[in-house]
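Structures incoming, each one as structure tokens.
Each of the next two complexes has chain A plus one more chain, namely chain B in the first and chain C in the second.
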Partner chain A sequence: MENLGAVAILLALCLSAYAVLASVTGKLKNKPLLVLSAERAVYTIWLLLALASGLLVYALLNGDFRLSYVAAHSNRAMPVLYKFASWWGGMEGSLLLWAFLLSTYSAVVVFTNRRKLRTIMPYVTAILMGVQCFFLILIAFPESPFQVLAVGRGITEVPDGNGLNPLLQYWTMAIHPPMLYLGYVGFVVPFAFAMGSLIARQPGDAWIHTTRRWTIITWGFQTTGILLGAGWAYAVLGWGGYWGWDPVENASLLPWITATAFLHSVMMQEKKGMMKVWNMVLIAATFFLCIFGTFLTRSGIVGSVHAFAQSPIGKYFVAFLAVGIAATVYLILDRLDYLKSESQLESVLSRESSFLFNNLMLLASCFAVLWGTIFPVISEAVTGEKISVDAPFYNRVNVPIGLFLLLLTGVGPLIAWRRSSVESLKRAFLIPGVLALVTMAVLAVAGVRHFYALMSLGLCMFVTATVVTEFWKGARAIAARTGQNLAAAMIELTHRNTRRYGGYIVHMGIVFLFLGFTGHAFNKDSTNDVRVGDKFSIGRYELKVRDLLDGDNDNYSWRRARIDVFAGQSLAGTLEPEQRMYKASRQPTSEVAIRRRLNEDLYLNFAGVTNDGRNLAIIQAYVFPLVSWIWVGFVTMIAGTIICLIPPKVRMQYARTEVVGYVQKHAPVNP
Partner chain B sequence: MNKYVKFGLLIALIIGTLVWLAVGGVNETKSYYKTVAELQQMGPDARTKRLRVAGDVEPGSIVRRGKEVEFMLAQQDRKIRVVYSGSDPLPDTFRDSAQAVADGKLGDDGVFRANRIQAKCASKYEAKPGQQAAPVYPPKS
Partner chain C sequence: MFKSMRRLIHKELSRWGGHCRPTASRPRALLLVLAAGLCLAQSSSDLLTPAIRRVGGTLACLCGSCKNTVATCQMLGCHYSSPARERIAKMQAAGMTDEAVIDDFVKREGKRALAVPPAEGFNLLSWVMPFVAIAIGLVAIYLYVKRYRKPAASPPVVDNAALERYHEEIENDLAKLE
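And then the complex of A and B:
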């Protein structure tokens, strides 16, 4: 069986190399059948990788511990869901998942474009398959998921596996890696189209129109992946934070930042024909940061708490990145003539300028995060001393950047294209501005002295006011004309220009995220050594230890505290933080207990037992104000993303007149 | 004023502010990776710089006392006493024989005062399947 899997991967590798060659030769020599055969190869690769993945999952589910991968990442007592999730629990499996997802995306791209864009599709196929080839080399040779443990030579037969890392045995973690990978891998597609149109010297925005949906969907997956990771860190790692600026977290954030910049700056290209080179650079940067992220998490070059093993695949990645980046830079420089801007910036007070600053800030943030992440490597190369920077560095740079971006989120959509007069700015921003200042004044009077927190909350109010005004104005106009009620008019409005109003909803999601981040300024914590019956307090809560229990099952043994929570005089509930010891991996984990509310979370962690002879339970209690808004923001952002993907009603009405490409540019946006 | 000059000034202002913040951030939070041996050979410098020391947690040396946790960090034959007093809970992976990284400063008494501990569990990541390590499950209270 493992032979079948390994052969499938090898065959897929050969086919991917063939597809690259056939596709390019077919295009250059004008042989459509050769191009077609390359496309067939793409489908076949999908079948082969589906087979290989199926075999690996089958081995994981059935506990075939002859396989090194299965023995290292699965065990008998694990629930089926986690056995399945072991597919991406380790290096070899997750690379196989990468390859499988890429083959799926490639097959979909080739299928949906089988009769379109014939001039650039052969190159797109070639680029997709080139990347595919790289990942297949990794799983065919240095990191094969089908390696068999050679029983004998110093290795005993394995009766049971080590089990999936217990920290990963949590539901969001089971879906976090595939989400992140769907995002990572997805950016290969717009990148391939961008490069394809460059190679084919195809002027215009065809690649942007074709890949707009891809980019939005992929961005949605990436957002989901990152925030699920944050949610997991918050609920599982037991340190009460959701983001630690760890290299692995940064690796997932970097392409997200450039992708966000790309999503904004393509609007400049679509509407004004500007920033063409810039968009090429951004999509290429996003793609290479995705590869770099995989490299960072998988090679162990930068030490990380997520602690993936050191491995020899680092040099493969470095080679791939070097060749890829060199080729991309060459292509862009060589074809600069095709990327001339069609119009110019006119004024500092304009929509264009707000996009420009949005991009500048996002890129600055990306650069700061990248710099901090690889600082130990750079400093060791330059000064010989390994120096690392810490969370405060990232916060110091990124908090002001974030606040400025939040301001632009409110300003951008209301400011006019080309140039804006001071008069019209006053009209648009008077109410939101006043509301923001009032909010800040009220909070300052109420005793909030934290500067950034005040700014952030004020700006949250500012953006909310601008978004609400936009919906209100548009909906009122429709309601007045059609006689619908306001709610129906709002749905109608959104449906007419889903991209614009979906975008506003995503912006609201961002506001909620910032609200959640701001709560961090008001966190409280306390650590208590307690026995049954003891009382302690934090914030407005009184906590009383009712019970200390312990027990045991097949997968792990546990100790648990049952703690009654009193808010004011009344019993508000019982929280049960737990500490587990997983048997297969002999690793302890904390199962924190969280009382989630929109205003604040109460977070209890059973940290252990004192070993100074008194055997007291160590309970850490935290109050995290507003943190739930991060998850509210996440749901809002995803909802907005989905709305962006719904085809707009206006375009569908105009589609019959055969000017599909221009309707968006001249559609009545504020009827 | 010419619009390009305006843009240029604005961008320069923004980049300048950020660079200033970043440089300040680096200087404030940078910590030097040192081995235990290097740390013990360092002069008075060691008292002022933020340092990051890695090693293995000496089995049986972890003592929890209220908010503080004390343990010995060993690297080859050298050992150093570490006292952790941060507000974040210690990671689940922190226990006997784990590989730990402590961030903090060296005190005058030669005890390393850490405000952050990272740890990865040695047995999980280093033992190959098929080679069972000794059980390290702690006795239940």
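And then the complex of A and C:
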């Protein structure tokens, strides 16, 4: 079985190299059959990688402990879901997943474009397969998932495996990595189309129209992956944090930020034919940041709890990044003539300008995160001394940038395309501005003194008011014309321009996220040593320890506290925080108990037992105000993203304001 | 309390006669010994007074598994932040100022003891560069707007002779219509 898997990977590697050569040669020598054979190779690679992945999953599910990967990441006692999740629990398996997802995306791209974009498709295929080739080299040689345990020349096996890291044995962890990979890998597709169009000297809007959906879908996956990871950290790590500014977390955020910038600036190209070079730069940056993130997770260059074990593959990534970035820069510079802007900015007070500022702030945020992530390495190389760049650095730099971005989220919809008059801006800003100021004033009077919290809550109100106004105005006009009720009119409005109104829903999701982040300023915590019958309090809650239990099963032993929660005089529920000790990995984990509400979460962690002879249970209690809004924001963002993907009822025609070339050619000549 | 886990630990410890030499063939024993160790290693005596939070907030937790500060690390029995809090408490009790406490940590651990890079020397770049990037971006936007902004429309210049000619043509056409 292991031989079959290894051969499948090797064959896929050979075919990916063939696909690169055949598609480029076929295009240059004008041999369509050669190009077709390259496309068939893409389908075959998918079949081969599906076979390899299937074999690995089969080995994991059946506990084939001759394979070193299975022995290291699975064991007999694990539930089936986590045995399956072990596929991406280690370096080799996760690289195989990367390669498999890329082959899936590639096959879909080739199939859906088999009769379209024939000028650029050979190059698109070549780029997709070039990236595929790189990842297949990694799993064919230095990081093979089909390596067997050997003693001398004989294959051996261990009676049981180490099992998946217990911290990863949580349901969101079974989904979070594939979602992130779907995001990371998905950004290869728009990059391939962008570069393909550059190579073919066809840098019009075709690649954008073709890849728009890809980018939105991929962005949705990346968002899901990041926020599921945040949800996992919140529910599993036992301290209630959802974002720790760890280098690997940062690595997932970087391409998400550049992709968000791209999704905004691409509208400038679609509607005005502007910012073509910038869009190329953004999509390339997104792709290379995905590769950089993968490199960061696997090279050991920066210390991270999320990183895989140190491995020699870092140098492969450095070589790939160096060659890829050099080739991309060359292509963009060489094709600048094809990337000229077709329009002009009519006014500084315009939606176009707001997009420029939006891109600036997103890129500044991306740079700040990247800089903070790699600065310890740079500083140590220059000064020879280690330094720490921890959460306070990122918060100080990124909170003001984030708040400015939130402001722009509200400002954008208020400014018209092409130009806005000062008068119209005054009218548009009046209600949202007043509501924001009133919110801040009320909160200040109520005793909120945290500056950023006040600003954030005020801006949340500002953006909410602008988004609600947009829906209200549009729906009211439709209702007046068609006689529909307001709810039906809102659905009709959204259906007419799904991208615009889906985008507004995504913006509301961002508002909810900020609301959740802001609650962090008001967190409360306490640590209590308790026995059965003891009472303690936190915030408005009284807690009484009803019972302390313990036990074990095949996978882990456990201790659990049963705690009654009283809000005021009434019983609000019973929480059961638990501590586990996994047998195979000999690692403890916390199964926290959370009472989730929109206003605040009560969060209990069974942290251990005192060592002073009294054997008291140590319960950490937290109150996290507003944190649930982060998950509400996530669901809202995904709902908005799905709406953006629905074809609009009315097909929009974007009239370009002014085409420079056209004006010059047909301008009236004075007699 | 926790009878079954303690019973198992005692049973295993007595079986090993106090000489715990873990081997791969006895994972259960090792697990239980580790569980006992884990219990012993834990303490709820985390010191988090406002004064400790204030100083601890400027110091990095160097446990290697989080990016929190000594004040915000919530891992109970963390091998770095728990002793660090105790040290802060002792130094504060001895009358040391916040700066002196922080200096003591830097003397022992180097600059990595600080949660953020010190704003001096080369490390000043860590603070400056994000804002330099924003400044460069603003300049780029200014240049972009300057280059691609449509020039303000100038009032049309009317040539009197041409205007006269058009008027004449209009008059002629109207005359023909009549």
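Basically, the second predicted complex is superposed on the first by the 640 of 671 C-alpha atoms of A that agree within 3 Å, B and C clash if a C-alpha of one lies under 4 Å from a C-alpha of the other, contacts with A are read in each partner's own complex, and residues count from 1 in each chain.
Just so we're on the same page, a residue touches a chain if its C-beta (ideal position, glycine included) is under 8 Å from a C-beta of that chain, and two chains touch if they have at least 3 such contacts.
Please read these numbers as outputs of a predicted model, since none were measured by experiment.
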A:V382 contacts which: chain B (first), chain C (second), both, neither?
second
Tell me which partner A:Q169 touches in the superposition: chain B (first), chain C (second), both or neither.
neither
Once chain A of both complexes is superposed, is A:T589 in touch with chain B (first), chain C (second), both, or neither?
first
Using the touch definition from the top, say if A:M274 reaches chain B (first), chain C (second), both or neither.
second
First, second, both or neither for A:T641, with chain B first and chain C second:
neither
Quick one: classify A:L149 as touching chain B (first), chain C (second), both or neither.
first
According to the stated criteria, A:S68 is in contact with first (chain B), second (chain C), both, or neither; which is it?
first
A:R531 in the overlay: touching chain B, chain C, both, or neither? Say first, second, both or neither.
second
In the overlaid three-chain picture, which partner chain does A:G161 touch, first (chain B) or second (chain C), both, or neither?
first
Overlap of the chain B and chain C footprints on chain A, listed as residue numbers
238-241, 303, 305, 345-348, 353, 356-357, 360-361, 364, 368, 371, 375, 385-393, 396-397, 401, 525, 527, 529, 550, 557, 559, 581, 583, 586, 588, 607-612, 615, 618, 620
In their complex, what parts of chain B are in touch with chain A?
3, 6-7, 10-11, 14-15, 17-18, 21-22, 24-26, 28-33, 52, 62-67, 87-93, 95, 101, 103, 116, 118-121, 123-125, 127-131, 133, 135-138, 140-141
Can you list the residues on chain A that touch chain C in the complex?
238-241, 244-246, 274, 303, 305, 341, 343-348, 353, 356-357, 360-361, 363-364, 367-368, 371-372, 375, 379, 382-383, 385-393, 396-397, 401, 525, 527-529, 531-532, 548, 550-552, 557, 559, 581, 583-584, 586, 588, 607-612, 615-618, 620, 658, 671
In their shared complex, at which residues does chain C touch chain A?
1-5, 8, 27-28, 30-31, 34-35, 38-44, 46, 48, 57-58, 60-62, 64-69, 72-77, 110-118, 121-123, 125-127, 129-130, 133-134, 137-138, 140-141, 144-145, 148-150, 162
Report the residues of chain A in contact with chain B in the complex, numbered from low to high.
65, 68, 71-72, 149, 151, 154-158, 161-162, 165, 167, 237-241, 303, 305, 307, 309, 345-348, 353, 356-357, 360-361, 364, 368, 371, 375-376, 385-394, 396-397, 400-401, 404, 525, 527, 529, 550, 557, 559, 581, 583, 585-590, 605, 607-612, 615, 618, 620
